[in-house]
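You will see subunit A twice below: alongside subunit B first, and alongside subunit C after that.
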Partner chain A sequence: MSKPISRRDFLKGAGALAAAGALPISMVELAFADPARNFTFAYISDAHIQHIQGSKFVRNWDRGLIRAVAETNLLDPKPDFVVFGGDLAQLGSKPELDHGAEIMSALRYKTYYVMGEHDYYLDLGEYWSKLFGRHYYSFDHKGVHFVVLNSILTYDDWTFRRWPTAEQRMLEMAGLDNPNGSPFMVGDKQREWLKQDLAKVSTGTPLVVLSHSPLQKIYKGWNFWTEDAEQIQALLKPFKKVTVIYGHVHQIQYNQIGNISFHAVMATAWPWPYPSTYAQAEQYLPKLTVPMNRADPFFERDATGWQFINLATGNADIQYNLYNNAVRTVAFNTRTGQPEDRAYQAADKRIPPQSHY
Partner chain B sequence: MKNKQHLVSLVFITTFIGGPVWAATPLGLPPVPIPKDNPQTPEKIQLGEKLFKDKRFSSTGTVACANCHDPAKAFTDSPLKTSEGINKLTGTRNAPTVVNAAYFAKQFWDGRSPDLEDQARHPIVNPVEMGLKNHEPVLRIVRTDPAYAQAFMTVFGKSGEQITMKEVTQAIASFERTIVAGDSPFDRWYFGGDPKAMTPQQARGFNIFIGQGRCVSCHVIEQTQALFTDNRFHNIGIGINAIQKDVPRLAGEFLKAKAAGRDVDVAVLTDKKTSELGRFAVTDVLDDMGAFKTSTLRNIAVTAPYMHDGSLKTLKDVVEHYNNGGVTKKGDKVNDFLSGGIRPLNLNDQQIDDLVAFMEALTSPSFAHLAKARKPAVPAKKK
Partner chain C sequence: MNDNIKKLTPAALAAVLVAFAPPLPADEFTKEDLVRWEGEYLTVVKKGRELFTDAKLGTNGVVCAQCHPNAANTHPETYPKFQKQLGRVAQMAEMVNWCIRNPLEGKDLAADDPRMTALLAYMTHERRGVKLEPGKH
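Our next item is the complex of A and B:
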């Protein structure tokens, strides 16, 4: 029997306190959890710290990351660790990575880093490595096996032989709908490593894979895409509980492919997709059914945020903390066997967009 | 002036024939929202005013609502920074004016009260305001004082034990709903179409207000009315800037105390640091950390000092705070929870002065004498 408990019940029952009142106390399903294995972690992603010149950085992106760090520090019960989901920098430069690392250093938790293409394509992750370590790795935590992939690699020919300068390579990869771009991939070498890494893990162990790009194919023009997604999914197939968490798309996405639950996380920098009002031509977008597909033009932090993730069941329940907006939770539904948005499951239960006005 | 008197008498005529008790809505304001269960009557308004000014509703017999919301000071206690209650005890927050408070969707700086009726209950029993242990002494007076007994019978048809704080606060709220003021030079210029109602400098200030200054996004002006508030709560870098390092500890301790039953009203008014948590203390939501209600700007020139803690002395200080992107002193550390709407504005000195001049055009005729009294004898020095 699982029974969502209210925050107040939780406070009374556990004697614990939720310093962050927006926290997903109601989604903690104690009956499922072996308390010793029950844990949570926070997820911050896509800060895109951007250097202007000298000591000047784009203020808006700075503020987004600063706020996520400060709010994460208020979590109580405390998360076991934090993951940064990639694209700490905008153009991969040393000042950007240093500045981002400095903001991140205010976090009071152990932090794992994922490589993003904006961190990588200037010096192929060399300086990033000095700050944060290996490009791909795995670790175990309370019975869950975590794998961190560098999923933003591409063909060697594009990376090593196409561009006269590293700066141009970086800019080409940063462009959207860019004919000169190239699809992301994990690549043969890393997939071989993944195969060997997973060989040591029993198939009953909950598996969480962290990558920057979606390990599924959504939209190639913006690299919401991983070229060898099917091959990676095949390696994950034997496991009973698999969750993939990715950044890059700056929006809430969730999906279930076979045994694998996919979740995207929000950016702290800016939201995608842009609202239809940003478009230059007349639009015939379908009616919005969820409230994130627009950004408030005044509140720069609107439609950005960070995540708090509960792994009590071995599957991920993700709470999206959205600045100037209602909190959303996408949780694994054990009955339907897929992740679902707690507030938007059934069409007749959906609320109109822009609910905060 | 003559015209105004005429309007006032008109109100009372409609009252006597049983119509809605409402003064002609001042230029620039919508009709005051009146709750269904607390309709306006002249007798109730009169009773409310008497209650509002009654000092016996405090433990020392010296403090009425009107002490901090003084009609002679545009219903504030200007120039006090934070309000002074019994025994000269001071709270943590600057007394907001009652003028046009009827339009707010929530009351108090942190919105912890849903309406004027509920709001009126709290200062009476707050230890740093009117200081009563409970509402019993108030009820004793209104039930036994012959003048009150008669008035409550006339207004509510109730006597003795039937009179409760519900009736007391309904009467006070009814009185407060009559304290509205529009018809400022800005209203006559913008809604009334009189191009001479504002000075050229004030008109320039208006353009900054709706443009580069980004003011109008929260201090709302609409087609037919201007409440100068969005009824929302924002962290604009006031108060919380001074407690940045303490926020994690304060937030945790506060929520623990709240869960254990600590009264929020008392906590935020008696402890300066807890006060700075702002609306977070009410909602427990991270998004509300250090956030306070967007106050109206009507009659702002006569209600100094400014902000929830009264920390800014002049309107120029206020504009400079916003111009610096949410810090009072340029170069100070911006707080981590700053609203996404606040950013440096790059206004020059002239633009800052123009904005201040525009805000001085928001004073209603009934308070214009206070603005005159406040004006320095010699023109302000040019920078």
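Our next item is the complex of A and C:
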């Protein structure tokens, strides 16, 4: 593509698209006693804006984020807010964060930001804070308590003493399969803050935790891992309805551990393989998960997309709006008490794009 | 001539045989050879891993390992296979070049380029032990 498409051009075309029903927007309708309490929010994550030099950025990842922002803007009814799930930049540089923030600024809604490791390890989130605010915080919305964690911290030794330069530290953390990496964690200080924060919330209040790392232990080799996962889960245990939404993994994953539903969101940039496809290692993928559809790696936006989350019942129902693949909806089944894919959960309902890994 | 041969003593005959004896037969090799050859292979695998994370393979800073941690989802055990998008049965090296040209915005490697060999060696090494399923999508 020789010149980037302008917003005006996109919207001109989008009118026709919407009419043709090509925009994959469909609300998950759920019966709920008080319709005024229904709300939805959109989730865009893992943009990995990557700087080449000067004013050039990797076009592929730019397009993924631009498309997510444009489609989210066209949502009707409007979501209450948007969450950005982390890894806006690829190497945490000022040009990348600026370029990502510029693309995100086209969103017409209030946006909450979650820290990702690719944002953090160059300057420990200093410039990110100037753009987006605190690294961890909480807020309430229509009776739901939201907590945003910085869950990509690691051992002090690795962060402060291991590497000669900040650039080197960022590069080492940037490699997913880098044996010199270090496991993610929330850490003592933030867990203490979380304990105090949750003490003010009644156990009947629905709780949504927004995190970059999974708050579970899935596969350590690729840092699909949170070192203090059990301790965090223990803090969440007293609450009746808890949803954890995490980025980082660039694939569909979902799970239920006790009272906590876990949902991964997709990346706008690129998809990642499931850990089970690495033949040389042992890992654990939530058994519930129906893998994402991988139709056509030759299509630039294959297995990428953004999410639309309905919190009507206090549990999250997530619609994955994928550009090149069937829309996936993972909703909380109140009968079984766990999330399930609306179309594909049963083994006999799977289609080849989900099983050809 | 027969007289000459008849005149060779056993010692002389033995000497002649030794002088003209062939070296060890060509297809015999030792444990040391095996170690050395495997070492050569692992060196190339290591080179392949370096290229897998080398931004100079393309022109935009993107590296293979970004989308393929530990070369996962490259599926060397399924090649050659029908690649829908190429419209024909293709070899893994062609897919490697597709990736270099497209997401990495770089130039094709020749099939016998040592860098291609190294990349293929690394990817296959990370997939060792998995049974062959050529043609599987």
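The criterion applied here is as follows: the second predicted complex is superposed on the first by the 300 of 357 C-alpha atoms of A that agree within 3 Å, B and C clash if a C-alpha of one lies under 4 Å from a C-alpha of the other, contacts with A are read in each partner's own complex, and residues count from 1 in each chain.
Convention: contacts are C-beta pairs under 8 Å (C-beta built on N, C-alpha and C of every residue); 3 or more make two chains touch, one makes a residue touch a chain.
Bear in mind that the values here come from a model prediction, so they are computed numbers and not experimental data.
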| item | value |
| --- | --- |
| First, second, both or neither for A:191, with subunit B first and subunit C second | neither |
| Partner chain in contact with A:78 - subunit B first, subunit C second, else both or neither | neither |
| Touching partner for A:70 - first (subunit B), second (subunit C), both, neither | first |
| Subunit B versus subunit C as contact partner of A:60, first or second or both or neither | both |
| First (subunit B), second (subunit C), both or neither touched by A:94 | neither |
| First, second, both or neither for A:301, with subunit B first and subunit C second | first |
| Partner chain in contact with A:321 - subunit B first, subunit C second, else both or neither | first |
| Which of subunit B and subunit C A:222 touches, first, second, both or neither | second |
| Touching both subunit B and subunit C, residues of subunit A | 59-60, 298, 300 |
| Contact set on subunit A toward subunit C in their complex | 50-52, 56, 58-60, 175-177, 221-222, 270-273, 275, 277-281, 296, 298, 300, 352, 356-357 |
| Complex contact set, residues of subunit C against subunit A | 53, 60-62, 65-70, 72-73, 84-85, 98, 102-103, 126-130, 136-137 |
| Subunit A - residues contacting subunit B, complex | 7-8, 11-12, 17-22, 59-60, 63, 66-67, 69-71, 73-74, 76, 298-302, 321, 323-324 |
| Subunit A partner contacts - residues on subunit B that touch it in the complex | 214, 217, 247-248, 251-252, 255-256, 259, 280, 283-287, 289, 325, 334, 336-341, 343-344 |
